[in-house]
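Below are structures written as structure tokens.
Both complexes below contain subunit A, partnered by subunit B and then by subunit C.
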Partner chain A sequence: MSRRDLTLHLGLVAVLFLLHFILPAYHHGVLARIMVMAVYAIGYNIAFGYTGLLSLGHAMFFGAGLYGMGLAGLHYGVPAFPAFLIGTACGAALAFVVGLLALRTEGVSFMIVTLMFSQVAYLALLYFGAFTHGDDGFVVPDASRTLMGLSLSDEGTRYLVAWVLFSGALLGSLWLIRQPFGRVLIALRENEERARLLGYDTKRRKLAALVISGAVSAASGAAYAALFGYVGATFAGVQYSIFALLWVLLGGAGTVLGPFVGTLFMFYLIDLATGLTDAYMLIAGVALVGLTLFAPQGIVGELRRRFWKDLP
Partner chain B sequence: MTAILSTSGLGKRFDGLRANHDIDFALAPGEIHALIGPNGAGKTTFVSMLIGRLAPSEGTIRFDGRDVTRMPAHRRVALGMAYTFQITSVFGRLSCAENVALAARGRDADVQRALERVGLAERAAEIAGDLSYGHQRLLEIAMGLAQRPRLLILDEPTQGLAESEVAAFKQLIRALVPDTTILLIEHNMSVVMELADRITVLNFGEVLAQGTPAQIHDNPAVQAAYLGTGGQDAED
Partner chain C sequence: MDFGPYLMLAMLEGAVLAAVLALMASGLSLVFGVMRVVNVAHGEFYMLGAVVAWAVTTLLGAGPVLNFVAALIVAPLVVGAMAAAADMVILKRLNYDPERTIVATIGLLYILQQLTLMTYGADARPVVAPFNERIALPWVEWGDKGLSFYFPWGLSTTSYKLFVIAAAVVLIAALKLFMAKTRAGLIMRATQGDREMATAFGVPVERVYALVFGGGAALAALAGVLIVPIQQAHYLMGGDALLLSFIVVIIGGLGSLSGTIVAAILIGLSDGIISVFFTPTLAKMIATLAVALVLVFRPQGLFGGTSR
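Right, the complex of A and B next:
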């Protein structure tokens, strides 16, 4: 890991920490949410951006974390941190099972198979509404929203917990991608056949990548439940799978900073557009088309292409 | 001497098309063996079955005394086989050194050595996709070397190389034997004739002839297959 890489990423982490003290309340709240959702995008980026697995079903992993955490709190009174771990483990386990089956396909088939699995998960949430509270969703009990005596519904605590989670995910993904394992993931994305003929068991590596990706996405979902206190089936719907893809594409697939930049960009784009007009999706749409035309590799991808060739 | 690699009755059909049929083939340890034949003779199909990219329709493949016919490619590589692609397929967005490092699997000393042997040491940090075609071919070969294989299968390695690079390539290959056995698919006849200890000629997916370069050179059936004339003479 070069010093420049580390400085850049640690710099972002430091800036986000400083913002905690200076941001006005509204933006403080928005940024906490963005950091949690950016973790989801970081998880997605490990599968899509680095390994080349274009999944349309990642909402099921986010949902597994969300519901794993929330239901453990709601039905069994599990405290926040263990419930967070349960949620994350649910996502990893689901990714493992889905991966075993879905990774028998590739390309367009993989997209469709993951989409179908995700729909099954979504519909199962609705079907078992007696346990999951289906469409209505539920509020996570306060007992499961307390960490070391601090209430996670407090805005300051919430921001800092989101910051810790985000920093861990960002630096963790930077570390992962600089490891030999991470280089092999990139090799799989670039040319799977070649990687196989260099002696790599490509199926196992892809499964491992998907499990890591699912676990990180689920950690985001679990943190969302703990920090914002609401669990609902919408979060496991297809639009949340598309969001992850969109954030990563906009920010720059296969870059460490891209998921955060993409999430930040989309949140504020919609936020600003909503202030201007009711037809805010139109403004968002035009901005997206423009970005696709002029920076097809995403914002960070474009920076890398122009200015910083070995940006991770 | 027992063969390091052998096939018996090996064949491959693609629906109605018989790409390879009943190929009995043996490689002696430490030899340079060239596989030649007109375009479409089934050479790449044959080596693709050897390395495990394609599953044979019939027959068996043995490597180092083991039946590897149904073994997946990555396990064959672990046993000591390596393959360099006919169509350059380096990892375009990674640097040369990273490409070779993926092949060397953590043996860092081998990375530099392999790049030096093909003459790309100075370009180690360059992005592979930015290299010229010839240099990408050399990078492929470096990746093959870095795997330290016991059997190296080279699919048209000199295609696109400049003359001086071809000369360096020949020297390089000579330096690899007898530690590494070489199976070489090659169109450049001067490379084949100078390097190979033995030659196998494929035509229409079957073995047409086998022998030393001199024997192959004088073989009328081979001449007929290549020149497309004198088929009658060849049979006489």
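Right, the complex of A and C next:
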């Protein structure tokens, strides 16, 4: 890991910490949410950006974390941190099972299969409404939203916990792709056939990448349940799978900073649009088409292409 | 109502669904077959067909029959032209790269859906059917007094529903004939078979693609016009329709028109019957899971031959 990389990413982490003290209340709250969702995008980026697995069903992993955490708190009174771990484990387990099946396909079929599995998971949430509270969702009990005596519904605590999680995910993904394992993932994205010829067990590594990606996405979902206290089926719907894709594409697939940059931009763009019209998803549609047409590399990808060749 | 007539009623409802589904899915299948493009925005073309039908009938304000005929002509033309334009402006520039076109059509889905929300609004609006006589259906039963023949209460359909089934049969037969017998159909099949070879033989592949994409969307729009007197037009109606057409196209074998039609009948009828016995959510869940597993273990579809 070069010194410049480390300085840049630690710099972002430090700036986000400083912003805690100076941001006005509204933006402070928005940024906490963005950091949690950026973790979801970071998880998605591990599968899509680095391994080249274009999934259209990541909302099921986010949902697994969200519901794993929330239901453990609601039905069994599990405290916040163990519930967070349960949620993350749920996501990893789901990603393992989905991966075993879906990774038998590739390309377009993989996209459709993940979309359909995710749809099944969403419908299951509605069908077992007696346990999951279906469409209405539920509020996570306060007992499960307390960490070391601090209430997670307090805005200061919430921001700092989101910051810790985000920093961990950002630096973790930077570390991961600088490992030999991470380099193999990139090789899979670039040319799977060649990676197989070099003797790598590509199936196994793709599965591992999907499980890591699912676990990180689920960690984001679990943190969302703990920090914002609401769990609902919309978070597991198709739209949230598309959001992850959109954030990563906008920021730059296959870059460490991309997911955060994309989430930040899209959040504020949609925030502006909701002030103007109900049809705020129009922005998402225009952005998706525009990005595929004019900037398939995203913001950070363009920066890398023009100014900083070895940006991770 | 007894079980027998009840099942018959479910099958009739299923047949209407199958007819509309076959029409819509053959559009999706055509686009995938010729262009190798998975059009995620297909459901929105179906929705636009229904919405344009509503707009035409409202603007024209003639009798129900004239209104409906006008809608049947105008909606596919308008929607097809929009789709052809989208193909030329967006998909062509992506060079039909499979993954990028999916992302772009997802974007197109949201653009069309949200523009409809902004202009047409969030209400569901009906279109009056051109004719809608209730037709009571007879039922035959072997009772104590031998064979009896009667009209059970509630076992009925409408002339319009029968018309939908007939119209779909005619349209699909026409599509098959068009693909098999005409020169334009031959050119499409040539493009499907080998794009580069077709180019070498002077086939204007780009124009074929725009026409196929527009034609596929027009088929979805026709399905939308046919369904709107039964189901109201709503800006979110494309979602479920898209999912069902995907299921049909995958079960039928990606890109195979005959397989698609068989699968549409199978899915339409079983959906009608299953939803009598199970809740719709469970039915959808099982169907989606089954189809995902088909795609995992038998990617050429249940009826498809070997994949190319």
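What we mean here is this: the second predicted complex is superposed on the first by the 291 of 312 C-alpha atoms of A that agree within 3 Å, B and C clash if a C-alpha of one lies under 4 Å from a C-alpha of the other, contacts with A are read in each partner's own complex, and residues count from 1 in each chain.
The criterion applied here is as follows: contacts are C-beta pairs under 8 Å (C-beta built on N, C-alpha and C of every residue); 3 or more make two chains touch, one makes a residue touch a chain.
Note that the structure is a prediction, hence the values are computed from the model and not measured.
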*Touching partner for A:V139 - first (subunit B), second (subunit C), both, neither*: neither
*State whether A:L293 touches subunit B only (first), subunit C only (second), both chains, or neither.*
second
*Just subunit B (first), just subunit C (second), both, or neither: which does A:T202 touch?*
first
*Could you tell me if A:E193 is touching subunit B, subunit C, both of them or neither one (first, second, both, neither)?*
first
*asked:* For the overlaid complexes, name the partner, subunit B or subunit C, with more touching residues on subunit A.
replied: C
*Write out the stretch or stretches of subunit C touching subunit A in their complex.*
38, 90, 93-94, 98-100, 102-104, 106-115, 117-118, 122, 243, 246, 250, 279, 281-282, 284-285, 288-289, 291-293, 295-297, 299
*asked:* Going by the contact rule set out above, which residues of subunit B touch subunit A in the complex?
replied: 51, 53, 72-74, 77-78, 82-83, 85, 89-94, 98, 101-103, 105-106, 127, 143, 147
_List of subunit A residues in touch with subunit B within their complex_ = 180, 183-184, 186-187, 190-191, 193-202, 309
*What part of subunit A is in contact with subunit C in the complex they form?*
54, 56, 101-102, 104-105, 107-109, 111-113, 116-117, 119-120, 123-124, 126-127, 242, 245, 249, 277-282, 284-293, 296
